[in-house]
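In this document, chain identifiers A, B, C, D and E correspond to the written order of the chains, with residue numbering beginning at 1 in each.
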Amino acid sequence: MSNQEKLLEIKNLKQHFKVGKGTVKAVDGLTFDIYKGETFGLVGESGCGKSTTGRTIIRLYNATDGEVIFNGEDVHGKKSAKELKKFNRKMQMIFQDPYASLNPRMTVSDIIAEGIDIHGLASSKKARMDKVHELLETVGLNKEHANRYPHEFSGGQRQRIGIARALAVDPEFIIADEPISALDVSIQAQVVNLMKKLQREKGLTYLFIAHDLSMVKYISDRIGVMYRGEIVELAESEELYRNPLHPYTQSLLSAIPLPDPEYERSRKRKIYDPEKHLSENGEKRVLREVTEGHWIACTEEEFNKFNVTV
Amino acid sequence: MSMKQEKLDELSDHMFQPANTDALENEQIAGESTGFWKDAWRRLKKNPGAITGLIIILIIVLMSIIGPGMNEYSYSQQDLSRAKLPAKVPVLENVDFLGLNGVDIRGTDQYEAKGVEEYFWFGTDGFGRDQWTRVWQGTRISLFIAAAAAFIDFVIGVAYGGISAYYGGRVDNILQRIIEVLIGIPNLILIILFILIFEPGIFSIILALSVTGWVGMSRIVRGQVLKLKTQEFVLASRTLGATSGRVIGKHLIPNVLGQIIITTMFTIPNAIFFEAFLSFIGLGIRPPEASLGSIINDGFKSLQIYPHLVLWPSIIISLIMIAFNLLGDGLRDAFDPKLRK
Amino acid sequence: MGRYIGGRVVSMVITFLIIASLTFFLMKLLPGTPFNNQEKLTDTQIVQLNEKYGLNDPVAVQYFSYMKNLFVGDLGVSFQQDGREVSTIIGERIGPSAYLGFQSIVLGTIVGLFLGIIAALRHNSFLDYGTMVIAVLGISIPNFVIAGLMQYWLGVKWELLPVAYWDGFAYTIMPTIAIASIVVATIARFMRTEMLEVLGQDYITTAKAKGLSSTAVVIRHTIRNASIPIITIMGPLVVALMTGTLVIEQIFVIPGLGEKFVNSIMTNDFPIIMGTTLFYSLLFIVVILLVDIMYGIIDPRIRLAGGKD
Amino acid sequence: GGGGSNNGGNNGGGEGNGDSASEQIMNLYATAEIPSMDTTQATDATSFNAMNQVFEGLYRLDENNEPTLGVAAEEPKEEEKDGETVYTFTIRDDAKWSDGSAVTAEDFIYAWHKALNPETISPYASMFGTAGIKNGNAIITEGDPLYGKVEELGAKAVDEKTLEVTVENQVPYFKSLLTFATFYPQPKAFAEEQGEEFALEADTMLYNGPFVFSEWNHGEGWNYKKNPEYWDAEVVNLEEITVKVVKDTATSVNLYETGKVDRATLDADFVDQFKDGEDFSTILEPTMFFLRLNQGENEALANKDIRKALFLAYDREGLVNVLLNNGSVAAKYFVPKDFVKGPDGADFREFAKDGFFADQGEAEAKEAWEAGLEALGTDSVDFEFLTTDTELSSTIAEYAKEQFESKLDGLTITINKQPWKQFLKLEDAGDFDISTGGWGPDYPDPMTFLYMFETDGAYNRMGYSSEKYDQLVSDAKKETDEAKRWEMMQEAEKVLMEEDIAIVPTYQRGLAIIQQPYVKNYYVHTFGADASYKWVKIEGK
Amino acid sequence: MEKILEVNDLHVSFDTFAGEVKAVRGVNFHLNKGETLAIVGESGSGKSVTSKAVMGLIPNPPGRIKQGEIKFGDRNLAQLPEKEMQKIRGSEISMIFQDPMTSLNPTMTIGKQIMEGLIKHQNMNKSEAKERAIELLKLVGIPNAEGRVTEYPHQFSGGMRQRVVIAIALACNPRVLIADEPTTALDVTIQAQILELLNDLQEKMGTSIIFITHDLGVVANIADRVAVMYAGKIVETGTVDEIFYNPQHPYTWGLLGSMPSLDSTDEELIAIPGSPPDLLDPPKGDAFAPRNPYAMQIDTEMEPPLFKVSDTHYAATWLLHEKAPKVEPPAAIKKRMQGMAPDEPIIGAKDGGKHV
């Protein structure tokens, strides 16, 4: 994989929020790369900073520290409005809540065409509508839906509208922040299938944020496991599921219930005790590459141990 | 879980042919297309209270337009020989309990006593002016003031609250402190100053209203915008590169509009009252023009003797208030996303 | 908490000073002299009086000397009442206003809450509309009309209550009702909305699922939560009512502050205007602070330190 | 006197509780607070009325508005010297302050000097000049060599009980004036001791009148108690009087109906309800209402025909009978009737009983109007009608507007309703076309009205200037022959009204009163204090 | 096995502005003593309404039970007066709700919220109730229970709040516990803890549980029997093995197929196309037909009855009719059916970090 072209490089990204007197270190020193055309999965428990990471990358928040390099350019450097606009076209986002992410007062066509309007991508009204219709078809909806309002759609359909909106500006990179976790199981598949299809057809790159690990594994090429604002383990998805090294990853994996009664009867959960684990050794854990492409946050000592066992 | 096996056996084979699954290809949505407003309107229509309110408002607005022209009297034409007549309405005068027969509360037929032939549907005031004409004329002015207040709410309140919340942080802090100060300054002083500078009358009243009248609205809008601006659809728009102007105009304002309308429903009665208070302290409308507030205030002194002077405008002011409140509550329900689905 | 309140107090003081200053300058724009029956005075005398009270100085000088006196707690003397201390005048007026305001708030709040709750529990029923109409009537008939009607019927015709004056509990009943009518309407309206909101919350279903009776659910789980937003509107309401309402005080002959305040503005009694304004804004600011603190007490989720707005 | 349009305290009288008919308690109300109980400061009816009950000057007004002996033991000795008259008053031995100390001549001198002292800024300091007391005018005239020299006043305490007053300019109403609060004594020692606090509260003053304040709750009201130290205490029947400040007419009527007050003033609306009752009566006050016509600044109003048209177009009967309905009378004159009698014992008004242009009406108004317009070369005129924010002035303005507009073609009237202070400011600045004016007497003489419209008179305010009028007024002021003076004043009024038509008089104010029949001897006055309670008796309750 | 609860032909409707929403349209199921019945189905299929009907908590208006009976012992809960129902609620049948963040009263201490039910149903006095509350908190695994009874919900994390909610539900040792998506709002790790806790408690107390979810993983973990709901009806019911390894209804296929099987990534997920039917106007025939690739003519005309597959396994699909053509289930489902139970564990973490 390393021979692949890097689309996005994230270096020591930090995002701290001031809350009252204190600060919340929502993201605290993230470093990872995303390659062109891949799907990078980001998992972790609720509140570990996944959304913040996504939003900081796309500049919804100004990073406290660190760099986000997209196509070789620093996204967080000083930018003119024009450059920013250009950047906005290349990177897009799909949101978690299909109910909150569509403006209830706008028609579907206006929602989808928002990017077209902002960036002046359509020469005429007709061209604009054509593009909207095309996008609707791309996401499996049809023309008739263009003039309707979001509340008339089911969750899955709404999420697809959200995808169409993101696609309208022909982005290269899409951040999907838990795009399916608010959806019904039977509908999740619609969205995931669609995302896969789009990736194939348009060569998109995804940052896929989720806490549903089975879906993440299904869709991702590589997965990063986040814990308390930091990445604790990063590997290709097969590798991560087969050979989780970090105790937190292990506990996470062991907790997923699978639709398989037999298996469930015998499943044993591993419990991760951060107090114990983190206090084991005073040394700060840093990401180290244990095998090719498999990184884990560990101490020197642990690292040596891993090297032996693997 | 019993099954009527025999019956099922009778089913013919062709029934088990694959069905036309065209439907599968096309996404469908149930029901007709309804926009947000249409939807709200549909729900409003089902709310008898709100509809009653709306109808009352429409009737009152209509009457305020045509009412003064419905008889030959003007609102300022005085005739002391027919002062303070109670209401008398043709036909209805024969229905005793309605009290529309020109007999005052002491039982004298004032029309007879004063030798008046004409009918005054709401009676006359101390100057012998036709109350019907004056009351509707007053309604017109009160409604005008109300409309102006609503306009101020829209222009100042919405913008102020919106800016405060949208820019947040220090801007918000400063703007909110300014409101505290505005509320702290006695606005009667400002009203008097306006009256001095701009002469008494509607204009001064409206200016006085615009000093603090919009504070409630700005609070509502601010609260809503604070909530909305972190909503994902706003974030989505920003990731698309939308400017602040676009976010405000396309996303925030349309979404607070419901709340704004509801708040307006409550602003309107308040404005009418505010004017009535000004009348009470003598700073209201410029005579002989009248507002509902000033008519009530003029008649108030003779409440015990000539209750009709207060009765009719009070009924109308109450109807307006009730109607706007009913409509406001109805709109709140109609716009409430939780009641949607 | 201490630090929070400290910070708030500082910002309150600033707000207070700004209000004081603005009011001072605006007040100076009012026309005419502040003197009683100014048309009786000769021009020379007016000049002399202005001199005596420092009204000939540039406004800025007057302002600073006012502020200086303010810091030592000297509010000056009334022009209209021939040299009586402003603080004395406010002192003797505030009692009735505060008493009446308090009583109206309590009565109005209780009735308003009750009506609001009933309306919400029977949402969209006849009872709901009925209650709301009653509540709305409370504000839609100007309260001086309500007051006048009560005075005539309850006082003169049926002789149930004293017509006017301020001389014991019986005397407070009619004015209280007249003022409370607004409170009732306002609270009822808010309470209805809030109750509807709360009744839709999951924890209400939880409470019902425990097998609690409907009354217990309403009393223990809804009222308190629904009341939290009510506290916000109570702030300004309390101030408005505690400081008296001109109209009611006039009709029921209550020696309250509201009447004095309006009168002082009409007569340019500058020291009284300033004194009352300062008193009002102080009360206002303090009440707002208390409301915020109350929030924290009633709603354990709001910790003062974090809770801005 | 005063700008009668803004306030007027009214009191009513007498009830007691319980079955005893002899319970001597009267319950009243006032429409305003007492702004001041300092005799040198008060300007308003409420204060004057209260002072009349608790203080006493050399004279007080009796039932017939005639001065009767007060603190003075007997009629003064009169001596003519160098064209000046010296009155020597003897103060009653039993005239005492409520602390038992004697009322002395020095107390009078103290109070009078205080009033004249420019530093006191007493609004009625000019009364000394009006009364003709020597140097009274000079002392308060800036630039005069005597300015501020109060000791130069023609008044001296000869000994403890003897007061000598030198009058340089004899006026017939001299004794009446002495009943006015400005001429009351103040307890020197006590006042000096109290300093700034004097007369601010019930216990920071002393009383020498029939009553004392037993309680004074500013804002709420005040109570009187019989003053046992009063020299004439045995005449005083009432033991107690309560007064509350009631500003709302309906409330006061309701209080009357429930027996909480014994006397109430009615306005038009209530008259109908009470006019057939036994307890109803009307009083005609010597207070005049009129419209000022700004002839100084307004070109149209400078035209006499226009003014005449306005004078004639106004239907005063409707105003007094329907709108006011309280015993007010239509007035086409400026000096009120039933106010003062001339040397011949006839009312001043006898000479033009029904006022001026009495027999002319709408037709003449129109005629004059046309003539006026023609002279102006226009066919439409706009006037701004300045008035105050009170109910009554508003009513009058609305009525006037309709009267004028409906009868005079081409006239448009815009009503400008302003708060009182602003009204004064605008009026003073001549910033109006027509404004509502009112005037009540300061002393019982037509001059209290007529001097207003001298050129440059402080209350002229409308640019009226007539040499003839000025001459007549100033001559009348100096004239010592009563009959001549009377003639001059009548002539002056005629010039003002008939020749110049300077103002449009509207009505002479009446008061509609309801008073419990058991209140006896409640004497109402035409000038100074509104009433005297000294003789009131509760009987047959 | 003893049936503790039996629901027969339950119909529940809501009267809305748009018309009558037929949320539940003839549901039949029973609950045996000591077992866990899972009800699965997509959003809006009527799972919550069914369970609320059992609790007598259908808001009225707009909702009403149109017909059917809910037999609990010898009582028919569908017709029990409110007063009687209040005695049952919380003491004999209790309920846990989906979102622990919102199902606790934010202004009342945890302790009080637990004690309420105890005081009401068990006639305890305050101190007894408090003692029991602490005991319950310990039972659901809240550390330092004594200290925390006086705390407010916002001082607890999501997982802990859900434990509190469970403690409230268990307070009076109910015979039936209805859990309406009790873990949907939680993290996987916390979800696993809660599931363990429920399994545990059931073992200890023998409670019968109705567990509502749309997560098939959870179902596999906790259920003894499963009922699959679609559009207000139960379309398939059976033991957990029967449903997972031998599903018969195309909707069940869809559900199972839409979850990725963790061992392979290549195949497409089986999405159920379209969206759920409008319950205002449910389609004639099989409500699932419009989304069913195997639909037959009859599906559009006639509602399928429940066909018996085994004694414990029933499914409402015409495909089980003898005249119906044999259809091939989707590949993933076939794999399930063939293997009945997959030989190998699907993921490596099955027994923790044995690879390390």
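Just so it is clear, a residue touches a chain if its C-beta (ideal position, glycine included) is under 8 Å from a C-beta of that chain, and two chains touch if they have at least 3 such contacts.
Everything numeric here is computed off the predicted structure, so don't read it as measured data.
J.: Between chain A and chain B, how many steps is the shortest route if every step has to go to a touching chain?
T.: When the steps are counted carefully, the minimum from chain A to chain B is 1.
J.: Spelling it out: a chain qualifies if it touches chain B and also touches chain D; which chains qualify?
T.: C
J.: Which chain's centre, taken as the mean of its Cα atoms, is farthest from the centre of chain A?
T.: Comparing chain centres, D lies farthest from chain A.
J.: With contacts defined as at the top, give the pair, A-E or C-D, that has more of them.
T.: So, comparing the two chain pairs, more contacts are at A-E.
J.: Taking each chain's centre as the mean of its CA atoms, how far is chain D from chain E in angstrom?
T.: Whole-Å distance between the two chain centres: 91.
J.: Round to the nearest whole Å and give the separation of the Cα centres of chain C and chain E.
T.: About 53 Å, centre to centre.
J.: Calculate how many whole Å lie between the centre of chain B and the centre of chain E, each centre taken as the average of the chain's C-alpha atoms.
T.: The separation of the two C-alpha centroids amounts to 48 Å.
J.: Round to the nearest whole Å and give the separation of the Cα centres of chain B and chain C.
T.: Measuring from centre to centre gives 25 Å for this pair.
J.: Multi-chain contacts in chain E: which residues touch at least two other chains?
T.: Residues 273, 275 of chain E touch two or more partner chains.
J.: For chain B, give me the residues that contact two or more of the other chains.
T.: Answer for chain B, listing residues that touch two or more other chains: 27, 29, 31, 192, 196, 281, 300, 303-304.
J.: Could you check chain A for residues that touch two or more other chains and list them?
T.: In chain A, the residues touching two or more other chains are 153-154, 157.
J.: If you look only at chain A, which of its residues touch chain E in the complex?
T.: Residues 45-46, 153-157, 184-190, 192-193, 196, 211-215, 217-218, 237, 241-245, 247, 250-264, 266-270, 272, 306, 309.
J.: Which bits of chain E are touching chain C when the two form their complex?
T.: 55, 57, 82-83, 85-91, 94-95, 97-99, 102-108, 113, 116-117, 120-121, 152, 154-155, 165, 168-169, 171
J.: Which of the residues in chain B come into contact with chain C in the complex?
T.: By the definition above, chain B touches chain C via 47, 49, 177, 180-181, 183-186, 188-190, 192-193, 196, 226, 266, 269, 273, 276-277, 280-281, 293, 296-297, 300, 303-304, 310, 314, 317-318, 320-322, 325-326, 329, 332, 338.
J.: Going by the contact rule at the top, pick out the chain C residues touching chain D in the complex.
T.: So the residues of chain C touching chain D come out as 30-33, 36-45, 48-49, 52, 80-84, 89, 92-93, 148, 151-152, 155-156, 159, 162-166, 250-253, 255, 259-260, 266-268.
J.: Please give the residue numbers of chain E that touch chain A in the complex, ascending.
T.: Checking each residue of chain E against chain A gives 42-43, 158, 187-189, 191-193, 195-196, 214-221, 223, 240-241, 244-245, 254-260, 262, 265, 268-273, 275-276, 341-342, 345-353, 355-356.
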